[in-house]
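Every chain is named by a letter (A, B and C) in the order it is written, and numbering of its residues begins at 1.
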Amino acid sequence: MLNTTSSNTWQLSKLTAAILLSSAIVAGALSTSAQAQSERIDLLNVSYDPTREFYREYNAIFAEHWQEEHDQAVNVRQSHGGSGSQGRAVIDGLDADVVTLALAYDVDALHQRGNLIPEDWQSRLPNNSSPYTSTIVLLVRDGNPKNIQDWDDLVRDDVEVITPNPKTSGGARWNYLALWGYGLEKFDGDEQQTYEFVRQVYENVPVLDPAARGATNTFVQRRLGDVFIAWENEAFLSVEQLGQGEYEIIVPSLSILAEPPVTVVDANVDRKGTREVAEAYLDFLYTDEAQHLAAKHYYRPTNPDILAEYSDNFPDLTLFTIDEALGGWQHAQETHFNDGGVFDRILEDINAQ
Amino acid sequence: MAITLVKRRVIPGFGLTMGFTLLYMGLVFLIPVGAFLLYTTTMSWETFWNAISQRQVVASYKLSFGGSLIAATINLVFGGLVAWVLVRYRFPGKRLVDALVDLPFALPTAVAGIALVTLYASTGWVGQYLDVFGIRVAYTQLGVVIALTYIGLPFVVRTVQPVLEDLEAELEEASASLGADRLTTIRRVIFPALFPALLTGYALAFARALGEYGSVVFISGNLPFRTEITPLLIVSKAEQYDYHGAAAIGTVMLVAAFLMLLIINGLQWWASRRHG
Amino acid sequence: MTTPSTVIDTNDTIAKRWRRATEEPAWIRITLITIALTFLTLFLVLPLTVVLYGAFERGIGVWYAAVSDPDALSAIRLTLLIVAIVVPLNTLFGVAAAWSIAKFEFRGKSVLISLIDMPFAISPVVVGLIFVILFGSQGWLGPWLSSHDMRIIFAVPGIVIVIAFGTLPFIARELIPLMQQQGKEEEEASLTLGANGWKTFWYVTLPNIKWGLIYGIILCNARAMGEFGAVAVVSGRIRGETNTMPLHIEVLYNEYMFTAAFAVSSLLTGLALVTIAIKSAVEWNEERRQRIAAT
């Protein structure tokens, strides 16, 4: 009994020590994080999934540039995730100085739901505020065993298609709209036939990942599906990095011009006093240096001269814009992706049988 | 009764501990949950009802509740068995096995999901053999059940184990000396004693499975109407800026969870009256 | 196990019958053990193996590079910081709740116990949603917070609070049944002998509950480190800043850095295994001491 008592006193002091120590750690950590801020400028770039590799390099280049011009260190912090959930986080208070998202609809939401940016945000920078563009292509397994040549092949019964859920993934919305636009072209604008075409493709989808990167993993890691509808840049990344010689890119006859836009988040930069550097950060995306970097990461530069230098990488295909084919993002979102929209109807149809 | 009254005065600290308990629970959990429920009352009954009764949402309830029920049942049977084996039998490596049971508590759910899909995909270590028999686990409802079984596994084992350890051997011996054979003893003596613990474990495993998100999204196909669980639908609503819809479905889950716990409590109370 | 074949001792027959009535025949025992072990292999051992195999597949060098990457280190630091706040708070809560529930009678006790269980049953996703609705810029307290330049969600406090929410029951649940079972006689004796409340707690209650307490702390700690769903909603995923270890693992997985993802997972797994090992060692030691004391 005596023995246990002494060991308990020891335990008591240990417990007290642990609690004290942990509070000390907490206090220390909080105070250091407060101190670090005054010495340099911090920017937060909230972006979507596939831009990680590009912005990692770009941030370094920009920081160097800013250091030379203004003799000031700038530290760009990154946040990546699904485009929609990233937009939501900014509306809910994530302190982004700039957003670089997958589609204009998610940026529009910053104005509509959070009043964080002005309505005309998209006209503030060249090319609809998209310093780089991309398109939607088809990725198939080596040798193209199912002989997939164009969008038409996706409705075949023997083909399994991988694409993420357009309700949650920005990239998947581009995929869906590329299909829809192709259908309109093919059926001369007949909505009913287009609907039927798109429905048949989605009937061949065995997995609807919530985000684009998850879908890539499904296709590449789990070897599920015969064809993967992907961003052009993601398709290149898969071919080059995930499995050399294991995949082939099939360029369809017609696709959509995907414009991932960028903007300064006015409400945040004005509060934090970072407008100047945030605007410079976005302007710099249009310089030759950054455009080359974008091309290196398989984004199509918007500068036509630089794009021409990479014409080997980026095959010339007919691209339509969302404004031409679908009357803009607001309209496309309302008709197709909102609750009760066309995509919901497709799902209901497929599962009614 | 008079004695308990005196005793109650002997032990101090009721005010302090109860005060802290309520304060902490209030701040961390009761006030936020209350505020959340209040938030759902800001929408009209019609909006609420529409949000929770869409066909796609109802299909997700079926999968979430059905899958959790199956997973909890698997855990009830095998978890009970594991607890029995760990308490009553001796075999090499027993201590290690006993320790491993806590793994699903300790391993982050996202990691568990990635590990499970790596195993059970048709290219995986286990999946490739199941594939031969035409059994597909990953991206099907079966995959959802597997993930839910995994995360609920420790609950039944850990609630039954201590009761089984405390179960006095005298009871079984008494039963045996009265001439009962083993099966009768198990049925009439051991099982009733374990029943409340089994039930608690079952209900906890069920409740935990109902809300699980991290591990399921990796192994499920996430196809609306087929392999989409309710928590995923909540996330997806929130990401479409539909907070009302998300909150409405979230409320359904909250109420289900609370009912579940009330039922457990009721059953435990009933069982303890019957056997205590 | 052995039965004398020649002379059947009456005692032995009784023993045999006795055994038949109080334990199972060997073949049943072996079958049951086999079933249990197969089940546990499929659900526990194999996933664990996948993680460890994935982590070390390309050698220890790659593993080390992944876990010493600055972003990984900052995720580890953040996770440890959160645990250092959440676990002591939940420990205090667990002890206080168990003390008030086990040592006193009051109305509404069973409702209180149900409430303590509730965070187990609430979907992590809903937990995240609750705090976004409460503290988000569009939420109820958001505008007030931002006008006072305070950040809760998309910052450390938000992550701390959702993790505290999710792990709240672990220690309390461990202690309540234990303290209820032990009753209050020992405490009463100590108090009657003149010790004060604190002394009684430290010298009488704490030694009795220490294993349950340690076990609860271990579980709470592991769960706090591994929480994913709720954190994903409120973290904002700022690299090197609000990414906890599970989020960093997801980031790596989404960057196609599978080995690195498994390497960081192996740290969490390793930690879980170490805590489990400590718990086992401690128990084993205790058992041995008791056995020695008994002989």
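Quick note on the criterion: contacts are C-beta pairs under 8 Å (C-beta built on N, C-alpha and C of every residue); 3 or more make two chains touch, one makes a residue touch a chain.
The chain list, named the UniProt way, goes like this: B, C = ABC transmembrane type-1 domain-containing protein.
This is a predicted model, so every value here is computed, not measured.
K.L.:
Steps needed, at minimum, to get from subunit B to subunit C via touching chains?
P.N.:
1
K.L.:
Which of the chain pairs holds the record for C-beta pairs in contact?
P.N.:
Contact tally peaks for the chain pair B-C.
K.L.:
If you average the Cα atoms of subunit B and of subunit C to get two centres, how far apart are those centres in Å?
P.N.:
Each chain reduced to its C-alpha mean, subunit B and subunit C end up 15 Å apart.
K.L.:
Just give me the whole-number Å value for how far the CA centre of subunit A lies from that of subunit C.
P.N.:
Roughly 36 Å, centre to centre.
K.L.:
Which positions in subunit C are in touch with at least two other chains?
P.N.:
132, 138, 253
K.L.:
Going by the touch rule set out above, which residues of subunit B reach two or more other chains?
P.N.:
Touching at least two other chains: 232, 235, 238.
K.L.:
Among the residues of subunit A, pick out those that touch two or more other chains and give their numbers.
P.N.:
Residues 91, 113, 214, 221.
K.L.:
List the residues on subunit C that touch subunit A in their complex, please.
P.N.:
Subunit C residues touching subunit A: 77, 80-81, 84-85, 87-88, 132, 135-139, 142, 146, 151, 153-154, 202-203, 206-207, 210, 236-241, 251, 253-256, 258.
K.L.:
Touching subunit C in the complex: which residues of subunit B?
P.N.:
Per the stated touch rule, the residues are 4, 7-8, 10-14, 16-18, 20-21, 24-25, 28-30, 32-33, 35-36, 39, 78, 81-82, 84-86, 88-89, 91, 95-112, 114-116, 118-119, 125-126, 149-150, 153, 162, 166, 169, 172-173, 175-177, 180-182, 185, 204, 207-208, 210-214, 230-232, 234-235, 238, 243, 246-247, 250, 253-254, 257-258, 260-262, 264-265, 269.
K.L.:
Over in the complex, which subunit A residues touch subunit C? Could you list them?
P.N.:
4-5, 8-9, 11-12, 18-19, 22-23, 25-26, 29, 44, 49, 52-53, 77-81, 86, 89, 91-95, 113-114, 211, 213-214, 216-217, 220-221, 237, 241-242
K.L.:
So in the complex, which bits of subunit C are touching subunit B?
P.N.:
Answer in residue numbers: 18, 20-24, 29, 32-33, 35-37, 39-40, 42-48, 50-51, 54, 89, 92-93, 95-97, 99-100, 103-106, 110-126, 129-134, 138, 140, 161, 164-165, 168, 177, 181, 184, 187-188, 191-192, 196-197, 201, 219, 222-223, 225-229, 232-233, 245-246, 249-250, 253, 261-262, 265, 268-269, 271-272, 275-277, 279-280, 284.
K.L.:
Sort out for me which residues of subunit A touch subunit B in the complex.
P.N.:
82, 84-85, 88, 91, 109, 113, 165, 167-168, 205-210, 214, 218, 221-224, 337-339, 344, 347-348, 350-351
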